[in-house]
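Right after this note come the structures.
In the two complexes below, subunit A is the common chain; its partner is subunit B in one and subunit C in the other.
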Partner chain A sequence: MSYMLPHLHNGWQVDQAILAEEERVVVIRFGHDWDPTCMQMDEILYKITEKVKNFVAIYLVDITEVPDFNKMYELYDPCTVMFFYRNKHIMIDLGTGNNNKINWALDDEQEMIDIVETVYRGASKGRGLVVSPKDYSTKYRY
Partner chain B sequence: MAADLPPALRQRLLKKGIIDTPPSPSSCPNAVNPYHECTDYCRQRYGGGVASKPTATAPKLPKQNEAPEAVMLLPQDWLQVRDDKTNHFYFWNKKTNEVSWYPPAKTTYQPKQTLAEEQRKRLSRKSGPSSFKKKKKKFTEDTDLDPMDPAAYSDAPRGTWQSGLEDKGEAKTGVDTTANGPLFQMRPYPSPGAILKMNKDIKS
Partner chain C sequence: MASKREKRQRKVAFAEEVDIPDKKSKETDFTHQTEERKSRFKAKHSLDSDEEDDIDTIQQSGLDDEDLGAQEETTIANDGDIKLTPFNLEEEMEDGYFDAHGNYYEKADPNAIQDTWLEGVDWAKIEEQRQWKEGAMAASDKDEEGDAEEVVDKVAIYQQILNILKPGETVVKALARLGSSRSMSASERLKQKKKKKSTGETTETDKSSADKEEERKNVDALTGCADQLVAIGDYSVYEDTYEKIKYKLHKEEEARKPVDMFSDDVPSTSKGETSSGPPPLSDEVMWEYRLKNEEDEEIHGPFSSTQMKEWTENDHFPEGVWVRKANSANAQFYSSKRIDFDLYS
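So, the complex of A and B:
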């Protein structure tokens, strides 16, 4: 369902998309539309778009088309979701060891809604790091 | 006729095969060398050639017929043999079949320590503390590997002076990613705008 979500086609657009939002969290999915992991994540993102549109803006970025951030954001995974608020990267402690991003595909809408809501609440209070409502440190075990 | 030609011209004609090469003098000592071609000098010096002068006499070979004194000092299995062609002596190992023009090194020979030397050594060992002061402190060289360096005890490659320095355009979150829980600390990434600006700076 990646064609249902807005794509950003160059670095400048990514920058502007984040700068343009003053009161909303910007969720950016870095990856490829053809990637199975991304397809799964895009599906989740598309499903929540309507529900969270008041405080979240969701964009997709093709990391082959826009390679500007690959090095600095360490975009080596098939699918990476990052959160920005007022031109600031918001970290989230998911219990995975990587607080910077979600680099796997969630399989539940509500989990994603909870995460973005936590990010929004923390970020609007000025926090740079929020703690995820669910611990994903065991995601590979179960 | 060929003798009247200037040497440079003769060389060129010889090369083209227009004039015949004069026979090499039989007495030329280099004749045993298969790669040797007798030059005018050979003919002049050792005679027999076209350009030879009547006064040129056969060269005086050094008297090699008598075995040199070195034969007395030869190591085991080495023999001195005369080469018929050159009338020189060479050395031959009858076991390994090695040959050498030069006398082989005497490997089995070991000098004996003289009594005086031994005594001197023993004395210096006794007077250890007195000579201790003279010893200069040895400084370790820069090339020595620090035993605490990971390169000394693991497969890690040895770093250069610039390895580990901050590199522009690299993510600075590279904390220990294996640390988890409260130990884990990570700095946030810069904003996309900052990255675009940095990329521009690096390019220019």
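So, the complex of A and C:
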């Protein structure tokens, strides 16, 4: 589904996407279109796009094409999803220990919607860290 | 002559010699460039266009004085009244440079005025306009106060006009009424002056002058209000009767309420769309909960976010409960410990 979502092809575009959005949360998936994890995540992201379009903008970034952020955001995983609001990175407590990003593929649409909604609500109330509704730590995952 | 030719030959020979190292230097330049790029991203991720980079590298590999060939040295600036331009490129080299291909580039002066018409542009005004437009478009913006102020103004203006108008009267008629009585009083002024002189009666004239003062104030206020409304885009205001303005005021006040509500509503309505159920009527998200995360467990609720927040804060659920938004059938339940109900109220 990655071809249905807008791609950002250079660092400038990524910066502008984050900067220009004033009212919505910007969700960026860093990874590769051909990566199976990304494919799964893109599928979920594509499905929610229409439903959350009022408060979320979703973009895809190929980390090989645009390596500018790899070091800064530590993009070493096959698939990384990060949240930004008004040029600020919004952290999210997922229970995994890494509050900066989602670095696996979700498998439930509603979970993703709930996460971005929480991010939006928290961010628009000035929070820099929000708590995801679901705990994704391993003890609940298995 | 001989020395000149020699010089020329030397030049040619030098140019040939130069050719090979020049290529090398280009290569090194290229590696240097990529290195520079890398390091730039390492330092910060500011992502300017690459144009500047290119100019730098071209400049480095550009022609220098030697490559420009035979040049005359500057001799005298002028011969009598005639200004002499020396046959060399010194002046040009000051203002710009040649790239490796011999193309001349003028140095761009960042402070130079590129477009003269831009001088007259008031950027503050443009910014103001932009904000106003944005405010008009996104009435949902809570931070946008300009829009709200404008609405408030409109209501205040209508009320002010209504205070001055009489029922059934238009603004034009009111102005005529106030203005005519004023002009009459102006013509009377002479009479009164005479009267005053002859009779020495002061109290009545004082009173009428106070009236006149008030009338003039009313005229000023009325024209001011009407002007403001016309500026906003209400062009028919002068022809509007008392009743019509009253109706407009009523409509404006009505319109104001939904606008305010709407601003808070945006997240919740958009949220309503996300959940499979219909958008909730109230601003607040409603929740339902069950004590255990099991299918046959009884579902309680719905309760408002404020209620849920209160309960969680007062340790009403020491064990935590499993919650989900009301009207979202089949959605999964989340632990109340991870939900910040404050965000949803």
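As a working rule, the second predicted complex is superposed on the first by the 139 of 142 C-alpha atoms of A that agree within 3 Å, B and C clash if a C-alpha of one lies under 4 Å from a C-alpha of the other, contacts with A are read in each partner's own complex, and residues count from 1 in each chain.
The rule we apply is simple: contacts are C-beta pairs under 8 Å (C-beta built on N, C-alpha and C of every residue); 3 or more make two chains touch, one makes a residue touch a chain.
Computed from a predicted model, the values in this text were never measured in an experiment.
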After lining up the shared chain so the two structures overlap, which partner does A:Val131 touch, if you call subunit B first and subunit C second: first, second, both or neither? second
Looking at A:Pro36 after the superposition, I want to know if it touches subunit B, subunit C, both of them or none. Which is it: first, second, both, neither? neither
Thinking of the overlay built on chain A, is A:Trp12 touched by subunit B (first), by subunit C (second), by both, or by neither? both
Figure out whether A:Phe69 sits in contact with subunit B (first) or subunit C (second), or with both, or with neither. both
Which chain makes contact with more of the residues of subunit A, subunit B or else subunit C? C
Would you sort A:Gln110 into first (subunit B), second (subunit C), both or neither based on which partner it touches? second
A:His89 contacts which: subunit B (first), subunit C (second), both, neither? first
Just checking: does A:Asn98 make contact with subunit B only, subunit C only, both, or neither of them? Give me first, second, both or neither. first
By the touch definition above, which subunit A residues appear in both interfaces, subunit B in one complex and subunit C in the other? 11-12, 14-15, 68-69, 71-72
Touching subunit B in the complex, subunit A uses residues 11-12, 14-15, 18-19, 68-69, 71-74, 82, 84, 87-91, 97-100, 128-129, 137
What does subunit A use to touch subunit C in their complex? 10-12, 14-15, 23, 48, 51-52, 54-55, 67-69, 71-72, 95, 108, 110-111, 113-114, 117-118, 120-122, 124-125, 127, 130-135
In their shared complex, at which residues does subunit C touch subunit A? 41-42, 45, 47-49, 138, 140-141, 266-267, 269-271, 273-274, 328, 331-332, 334-335, 338-340, 342-344
Touching subunit A in the complex, subunit B uses residues 169-171, 173, 177-180, 184, 186, 188-193, 195-196, 198-199
